[in-house]
Amino acid sequence: MSENVAIIGTGHSRFGTRRDVNIAELCWESMKPAFETANLEPKDIEFFVVSNAGMWSSEAAVPALMAEYADLAPKGSMRVEAACASGSAAIRVGYTAIKSGMADIALVIGIEKMQESPNPNVIELIGRFGSYFWEFENFGLTFPAYYALHGTAYMMKYGATEEDFARVAVKNHYYGAKNPYAQFQKEIDIETVMKSPYIAWPFKLFDCSPITDGSACVILASEEKVKELGIDEKIWILGQGVGTGTANLSRREEFTSLASARYAAEQAYKMAGIDMDDPIKYLDGANVHDCFTAPEIIAYEDLRFCKRGEGYKLIREEQTYIGGKIPVNIDGGLKSKGHPIGATGVSQAVEAYKQLLRKAEPGRQADINKGVWLAHNVGGTGHYTYVTIYGLEKEVKG
Amino acid sequence: MDKMKEQVMKNMEELGFPVIVDEKSGAMQWVDMRELRLRYIISIENIKPFYEGLKEGKLMGTKCKKCGRVFFPPQKDCPSCLDSDMDWVELKKEGTLETMTVVFVRPPSFGQYDPYPVAIAKLDDGPRILAWYNGDPQQVKPGQRVKVQVSRRREGYLMYELAPL
Amino acid sequence: MSENVAIIGTGHSRFGTRRDVNIAELCWESMKPAFETANLEPKDIEFFVVSNAGMWSSEAAVPALMAEYADLAPKGSMRVEAACASGSAAIRVGYTAIKSGMADIALVIGIEKMQESPNPNVIELIGRFGSYFWEFENFGLTFPAYYALHGTAYMMKYGATEEDFARVAVKNHYYGAKNPYAQFQKEIDIETVMKSPYIAWPFKLFDCSPITDGSACVILASEEKVKELGIDEKIWILGQGVGTGTANLSRREEFTSLASARYAAEQAYKMAGIDMDDPIKYLDGANVHDCFTAPEIIAYEDLRFCKRGEGYKLIREEQTYIGGKIPVNIDGGLKSKGHPIGATGVSQAVEAYKQLLRKAEPGRQADINKGVWLAHNVGGTGHYTYVTIYGLEKEVKG
Amino acid sequence: MDKMKEQVMKNMEELGFPVIVDEKSGAMQWVDMRELRLRYIISIENIKPFYEGLKEGKLMGTKCKKCGRVFFPPQKDCPSCLDSDMDWVELKKEGTLETMTVVFVRPPSFGQYDPYPVAIAKLDDGPRILAWYNGDPQQVKPGQRVKVQVSRRREGYLMYELAPL
């Protein structure tokens, strides 16, 4: 058993429409740099976890596919899925594998090749990720629509506006433009968002994260292994919380917050030793799950970056830009970097590694003073939430 | 899609394979010859009274005989009591709208419909309900009162919907 | 962190064609007895894992579905998949969650509602669980066909016959007839097998496990929790190994054995402290993955119950019946009990619990002298293998 | 299936819902109105030379320039070297059959074919290959020599197959 678990290597594919590669090649694009940064070879991996939602892509047995393609056979593996939070679920499985002593080095690869299916099919498939029988079959809910029901409730309750939502997109495109791995490397303004066509009112095209192909990879190691290998560049997993929400939105108490996210945040803060009443004090920055614009604002509140009902003010006042109270999604977020379902949570871990080790590209490097980064990764519409805390040191500073 | 199929047939003859060249990237793509059609058969054996009620315009839920907890959508089992002894109860079909959206970009399986509004309401009896909103979304105000009604779908079947009261 | 992890509660649905229940109801059928045997309520569960391959069934978000139906929200969850070994993968996730200290009580539910799709679709979908692009797309391999390639190789190399394969089916139906949860509760003879129509030569209908709906559930607890709750009836997880095989069969070295299974067995034996040269000495019995008849024979060899090439003699001599060298699949196995993909590995754990605690139905209770049971669970065609060792005591007897 | 569809239409009118009663169990089933059709578009951009070769009757694999490892099916990347500098090499199209089966119960997407034999052979050059076996399965003996040949499929495209030598 290992007291602590570190990320010792990372890799990230270019996100976007990737018709130039197949699934295995796309995985390899992030696995190779992960091996290189960890200074390891495939044979060093003792266990690996694949995060992949699949359905829209051809290969069902991605762990076996990569066991073959990347010489990981006969090492053990599995695929994990928690909708859009699959990547964080996979990190949990890798983390507990090491912490429990079942492995000393584990690899986590998140991959999604969404564009092996035409867009309409993808829209259909994501819509099925809630309650199929009660909410999809008869009412044709889509993923934007499920979140739009939250956006509307939020506007109605707190007086936020569609322009406030648009501000999230503007920020995330601003940083995405500086991220060479992002799907959209282009700044936009509020007008761009406001003038784009409605997808699910009140969300317009530019409120929505895109359909994305991509992969991201991290290699985890036990504290003993970190010492043995003499690893300099690493970050530690300080805490993780996970919560589950009801399948039916109609079985929830409110739509201005995600209960699973609040629950996951509490657990993660507790485990990492972060004061729940003022987490910003401990954090250099965060990635939150901005599959749409409004959910980023709700995430500020669920993570206690501000009080309930005040999240829209944070973005209005540009407090989540670098230089503000807490920089959020300065890799472009799902919105501009792209959202390859299974890869997203792992991509957030790669970003934590880059930010904390001051390896982010010019113009999007946060000030690292506290050495702690947070990743908030939601599956479905709060059906699953994983909150993970990463740190340069093994403990947060008090 | 039809254009793609044509191109695939043409390339199969000329190049020998069911391939297309992606217009944007110029990358060669294999077009899967094994179409998969999925359509599920879902048991409703234990919620038949829900449909019998709906046919008569009623909205039915289940209620645990032991603890009195009401379930909508109806459940066969009560996790509070680890028991499955349930009554079917009629829910009052009035409530208050809590949130809504309008689905502009629809899944292909709903392609026959124009953009449809969807709302969630809290019924006066307690449970919440999600359904299509048969009314003008522009006219909806916070606190909007709604009723549950049954209408026949374009597909030919009966389903509940919400409407302004 | 917990030194040891126990199974403290189990439940098992009736396996078969279950058009009388939907997915949530089918899950509940095994969850309820699991809560009852553990003397716990849903609120006591800290984390839960769903094993489900899905695709053929409507609900994609089964963890969220059960969070709602069974009052498990807001506790954390994920879905894991390793094809037909998904259940064992889920047990691994539950086990490491507890051993790592992330939870003290975890629930693992395996569920498959395969018959929400018509049989031809299920046949198509299972066939896609190898290398989609190289072996399915062009050559239409099915799941029976992938294993038949192993059966043929085995017959050609060792001189086993189709009748030898049939003997496995006869044994497993013999015990399935005594298992009230089995899909087929009917004995058969060799002639029944030999006369049944070919599915994928040399496999005939009665060489094949059926398409099954079913669920199985176990509740895991830490050693501390077992003490605290004063749990009498429990079994311990003594070891688990996992291996991965290549996606393409053409990338493997041989077809008379599964490399992933040999690798997983070695790990499991090592972890449990079982002598790899004579594991039978330590075991009261085993469940092996008899999705088809020949793979049971190959499993005998991969698990070192006998030498390579001698597995067919074990069944010829009826050594895997109760009273023989080692009873195998005396719950009917996948062949007669049924094979609801995601539930199978969990069902094996339930059987280990029943056998070791002497709760098996009349006529199918093994003699329990050593207090150790083995479960061998293969996903795809050796794409994944999990081997798990369960014991009445925390350590095997030397 | 067609019979089921008819029954569903009839029940939709009479009972109000797209349901059928399962014949064996008598349990009521909802028949999904949202058919999903999946057909994948798979990049072959990095293995184009394989298809160009196949069209000329050649079987091509990749070979790592650094370590010489040969890949079939062809891979773009060499995990031994963490390198992607590959040569395309022609594989000798002869080998020895190692195992076989005959697929009697076919997936619906192969429904147009009669039962087909599938074999795995070890090529003399080292790699193994899985393909349909164009020959009499009854005549196959251990050690059977085979060749790789290219034929046109009923679907209209070219594909490799194994045949007795």
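Here the chain labels run A, B, C and D in written order, and each chain numbers its own residues starting at 1.
Keep in mind that, in the parts below, a contact is a pair of C-beta atoms (placed from the backbone, for glycine too) under 8 Å apart; a residue touches a chain by one contact, two chains touch by 3 or more.
Not measured: the values here are computed from a predicted model.
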| item | value |
| --- | --- |
| A-B or B-C, whichever has more C-beta pairs in contact | A-B |
| Rounded Å distance between subunit A and subunit B, as computed from the means of their C-alpha atoms | 28 |
| Subunit A and subunit C: spacing of chain centres that average the CA atoms, whole Å | 33 |
| Centroid distance [mean C-alpha coordinates] between subunit D and subunit B, Å | 36 |
| Touching two or more other chains - residues of subunit B | 25, 27, 29-30, 32-34, 36-45, 107, 109-110 |
| Multi-partner residues of subunit A (at least 2 other chains) | 19-20, 22, 55, 58, 118, 121, 124, 131-133, 137, 248, 251 |
| Chain-level touch network, classified as line, ring, star, complete or other | complete |
| Contact set on subunit B toward subunit A in their complex | 1, 22, 24-25, 27, 29, 32, 40, 42, 72-73, 98-110, 113, 115-116, 118, 120, 127-132, 137, 142, 159 |
| Of subunit D, residues touching subunit A in the complex | 30, 32-34, 36-46, 75-77, 79-80, 82 |
| Complex contact set, residues of subunit A against subunit C | 1, 22, 47-48, 55, 58-61, 63-65, 67-68, 72-83, 86, 89, 92-93, 95-97, 99-102, 128-133, 137, 240-248, 251, 259-260, 262-264, 267, 380, 383-384, 386 |
| Subunit B contact footprint on subunit A (complex, rising order) | 17, 19-20, 58, 118, 120-121, 123-124, 127, 131-135, 138-142, 144-145, 148-153, 156, 197-203, 248-252, 255 |
| Residues of subunit A touching subunit D in the complex | 18-22, 24-25, 28, 32, 35-36, 41-42, 55-58, 69-71, 115-118, 121, 124-125, 133, 136-137 |
